[in-house]
Amino acid sequence: MTLHHYLILAALLFCVGLMGAFTRRNAIVVLFSVEIMLNAANLNFIAFWRYSENPALLHGPLFTLFAIAVAAAEVAVGLALVIAVYRHFKTVDLESMDTLREE
Amino acid sequence: MNEVVAFWILSIIAIFGALVAVRKRNLIHGVFALLVFFAGLSGLFLLLLAEFIAAVQVLVYIGAVGILLLFAIMLTERVTGDDDRRVTSRGWFWGLVVTAAVFVVLLLPAIQQLPPPKAAQTIDPSVKELGHKLMNPYVVTLEVLALLLTAALIGAVTAAQGVRMPKEEDSPE
Amino acid sequence: MSLEPLTLTDILIATVPLMLIFATLFAFTTWLERKALARIQNRIGPNKVGIPCTRIGLFGLGQPAADGIKMIFKEDIVPRGADRLFHLLAPILALIPAMLVLCFLPLNFPWIKNIQGLVKPFMLDGAVIFFFAITGLNTLAVFMAGWASRNKYSLLGGIRAVAQMVSYEIPLVLSAVIVVMMVGSLNAAEIVKEQADEYWFILSPWGFTAFVIFFIAALAETNRSPFDLPEAESEIIAGYFTEYSGFKFALFFLGEYIAMFAISGLAVTLFLGGGDGPGVTMNPEDQGLATEAFPGLSAVWFLAKIFALIAVMIWLRGTLPRLRVDQLMGFAWKFMLPLSILNILVAGFAWHAEQLDNTIITVITWVISFAVLYGAASGLNQLNRGKVRPREYKYAE
Amino acid sequence: MSTTTLALIPLLPLLAAALTCALQNGRRAAGVAIVAMLASCGLALSALKEACGMKPTDDPLTFDFEWLTVGNDTVINFGFVLDPLTGVMAAMVTFVGLLIFIYSAGYMKEDERMARFFCYLSLFAAGMLGLVLVNNLLLLFMCWEIVGVASYLLISFWFHKPEAAAAGKKAFIVTRIGDMGFLIGILLAFKTTGTLTLYDGGQGLLELPIGATVLGLKASAMISLLLFMGAVGKSGQLPLHVWLPDAMEGPTPVSALIHAATMVAAGVFLVARTMPLFENGGTLPVVAWTGAITALIAAFIALGQYDIKRILAYSTVSQLGLMMVGLGVGGVAVGMFHLLTHAFFKALLFLGAGSIIHGCHEEQDIRKMGGIWKPMRVTSIAYLCGTAALVALPFVTSGYYSKDQILAAAWEEPLMRPVFWIAAAASLLTAVYMTRQCLYVFAGEYRGCKTPHESPVTMTTPLVILALFALGMGMVLEKSIFAKLQGKLIHDNFVIAVSMAVALGGIALGWLIYRGRALGQAADPLAVTPLVRKLWFDELYAATVGRLWALAIVIFEQLNELLHFVRDLAVLLADRIGNAFAVGGDRKLIDTLAFDGMCNRLRSAGHAVTRPQNGFLPGYLRLIALGAVALGLLVSWMK
């Protein structure tokens, strides 16, 4: 196994997430996709760390740890927003929430 | 040998999970597929000897985020979770095109600029060391992160709670 | 540390015996539970089924086998509206994590002496956190079951289970964190070693508090009574496995008991000195194996301790009534959580006191921390007593 | 005295500002701000003590650390400097500021935005102290701008009054003109010397000999002139003095703090700070002349004003002019000496004016005052002390000493004799208009509607303290500080005689003019139109700058018209052709191509532009991703 395997895998996963974010219209699914992308990035971190000159610095795991924590916060807030939006628009369809105004 | 086999199996699991998660019509199935993806990814972390990260991945994503998503779906979709409307957004084709472009761009550095692949040296990462690192040089980051999480928690509660119902509304009719 | 020297035989040697042992223990435990409950309720309990074709009862020791056979041959019914895939997957998903978790218990079986590396997962650096991570999956299985069998009661049970497990996981982990903090390692073998060298953590005030919290939370995690709301027969017929029958139900059953074993095994590891006992000396240097008077002694000790805890669980089940949902949640968030957080602080001070390694100071610290914890517990109790009102029913009289 | 303690002096008010902007309760905010100011005042006094300990010859203490690195070798330091100049200035600012804070705690009591007011005040104090203490021109500029912003906020504090808002804008914009020069000067300095640190152990901007020439002028001369532009803008010298009188729309404590004691002095301080540049460039005469002319003209204008605060404002302008003269002819010591004394007595005058206005129920027109002497005893005495100091009554007042030094220094220089006479004339006028004002305000009967009353003690106490300073300060400063600033005392009997003559003569003149007049009713002999109209400065600017603007507008209008004409021509042409070839095909052709087609094309183009902005979130996401793609391609292409 070399670094490139992991990088290409991460790129693939990232693009799967991107595809989801681009082609789905349900806000929650878009949230999934964002999670997938984040995790692909984490995979990259860990892979680079593993194949780095001195892994003893543990930069990769630390950064990934922080990224995971931030992602958790992001999910919580994102879902809360989705629910709030749902309460307002009565839908989580991204195409139908295209206004910033009350109407 | 084992490692190669494990890598291929896990990566296939991960990609499959991700694909199903983003394409499935039924959201609950989607969430569980997403969890499969997370599990595969944590397996990959284990393969890269980042065992603590793998554990955290399972704990946070499968344990917490998955549940959160399930609850969000329960609160927003119909309980059965299947979505009979059109699921793909307008101009999904262009979305795919852009995705392809991004993929190419992501691969560019991996192909052009990286040094020729070198084998990973064997390491023995200890969780203790990680803990020391967290407590000694990165303690400020840790604190800031704690603050962020608290803020996110409060924000999420306030955002999801919305306007409070007046009292007489929830009295028995 | 690498995957390379690992072979299939190693894996089999490491895992298969675990499954067999715990499956048999499960059978025995069901029998034990039924007997004990019967005695508590002033009945005899199963006593007929013994050796087939004879009248020898053997105190109904054959009962589990009979149950198993019945379960296997029973018809497997799937409701029409149900989501077939998930309905099938749920029981499996309920069983697998429980089984998986068993690997993280530092059971020094004699036959894993000559296996290297990853197969002795309790030598894994993050064994404890892995344990919690994987137990978390149980929640999903329950939810899956509840959701997949399109049934209001099942869904209610599933949601209840999720809420309960999520909120009780916090005190569970926090009370385990204390031990991890004291030992300074997530490695199960090292935790056991520490206890063998110093003292079993249950013997210290903070350890005792943590153990009590842990045990209560463990009851809630495994949906044991008095926290068995998800399968409350009297309210929501059988909760998330209302729609399950036959072998799937058996799998749920098995999974539940294995989870019980696993979590009490973790309790033993964290607080009751693991496989430590007379005739055993721990030395995790050579891959966490103990030198024992005769092979497997420490494993025996371990299992004995597990069974002590299981017995307590059975006893509680026989004794206590079921909680109400609001009481359950209130107890988790208003009593256990603050107490365990306070306990972490206390434990931190205690650790620093022990670093001084002066007997008097240690003793004084212990007394003080015991007083603090006791005071906090009773104080919280007082605080909550006012809060718990008889519940007003909105839509029913 | 270490970096931290020195840094705390500006940081404490900043902290107070940060705190008070969160507070709602004005009284608590006032408490916070005053406490912070008190602390930094103590620090500043200790710093002053240490600074006075230094011998005039040795280098100033600097506390630098690396702030940002430009390129690989050029380092911009972030630091503070401590020498007698900064010590004195910081002490003055903190002390006067403290008094004014206390005063405004009383003055703003009714205002519901009191907390915000104190937030602004603290912000201003922080900026001002930073400006005084920093050891780096860039940093100084930043503080300079902070001060500008704070003054803008404070002048237009009562923004619901349109003239207040206008005054704030005016102040901001006019000073901006000067600041542009300042900024260019900084850049030029950096270009020529490669450093912006003022004192750097021989390597600082003020210590290096600058030999380079820019546009045939000595670089140092150029730089100093540009810096002087900033000074002119900030401290209201001609021709940029117009903002200062209008700034009197702000609350009176603001006028006292900003437009008498501290901010307007910032320009003077800047010149004093960068004095080596001026000396090196030999541009001091410019400073002196500008100051002199300003002093004279402002004093003239002051004669014709009726608004009590405007009079003081113009007198401030003219006093600033005198300071410039002092800097120009006598060096740092003389100018700073007058700055300090002026700070005290002008703050006193403004606060007194504020107290009077307060007592007369927010009446600012001196024609509607009079007979204040009886009801408001404390205020009146304090105000008269301030007046005496401003008029420079001989021997008893602080103003006398400082002004005397300026005049003497001007007299010393043979070339500067005209400046001397101008300054003398200015101080004569000063005496006259102050007498006029006092007669208007204090003598006679009260001409307002409601009866005046004395102000609360929180307002009078600072007055009394300041009055003591305004009287006693001169001696003390002349003995203590003056020598520290490498100034040599000159006592020329002729000069003393002249200054006494102008002071007393001016008072006498004023007395003669206004004796026995029915003040307020009868026409004022000195308030002739040119003076009332402030010598038409505003009109002048309106006529020049405004005209230019209007002209530009007209030109563009014409261009626009031309375009219209061309378009009409094209339309006409096409129409004619269409009619000429009155064949359907042709017409259709022409039409579709020339008009409808073009219009449709335009319309569709507009649609195309608006299409991405339809609130369709996935679309936005895709665009973002496209941007990322472009970026990635760019990066990998540049590799």
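For clarity, chains are labelled A, B, C and D in written order, and residue numbers in each chain start from 1.
Please note the rule applied: a residue touches a chain if its C-beta (ideal position, glycine included) is under 8 Å from a C-beta of that chain, and two chains touch if they have at least 3 such contacts.
Because the structure is predicted, anything quoted here is derived from the model rather than measured.
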Set of chains whose contacts include both chain D and chain B: A
A-D or B-C - the one linked by more C-beta pairs in contact: B-C
Distance from chain C to chain B - Cα centre to Cα centre, in angstrom: 28
Length of the line joining the C-alpha centres of chain A and chain D, rounded to whole Å: 52
Euclidean distance of C-alpha centroids - chain A vs chain B, Å: 6
Between chain A and chain C, centroid-to-centroid distance (C-alpha), Å: 33
Chain D, residues touching no fewer than two other chains: 616, 618, 622, 625
Multi-chain contact residues (two or more partners), chain B: 3, 47, 49, 52, 56, 64, 71, 89-90, 94-95, 98-99, 102, 106, 123, 125
Multi-chain contact sites of chain A, meaning residues that touch two or more partners: 18, 22-23, 25, 94-95
Chain pairs in mutual contact under the definition given at the outset: A-B, A-D, B-C, B-D
Residues of chain C defined as touching chain B within the complex: 1-4, 6, 85-86, 124-126, 129-130, 132-134, 136-137, 139-140, 143-144, 147, 150, 155, 159, 162, 166, 169, 184-186, 393-395
Residues of chain B touching chain C in the complex: 1-3, 6, 28-29, 32, 35, 47, 49, 51-52, 55-56, 58-59, 62-64, 66-67, 70-71, 74, 79-81, 122-128, 170-172
Touching residues on chain A, where the partner in the complex is chain D: 18, 21-23, 25, 30, 94-95, 97-100
Of chain D, residues touching chain A in the complex: 614-618, 621-622, 625
For the chain D and chain B complex, residues of the former touching the latter: 616, 618-619, 622, 625-626, 628-629, 632-633, 636, 639
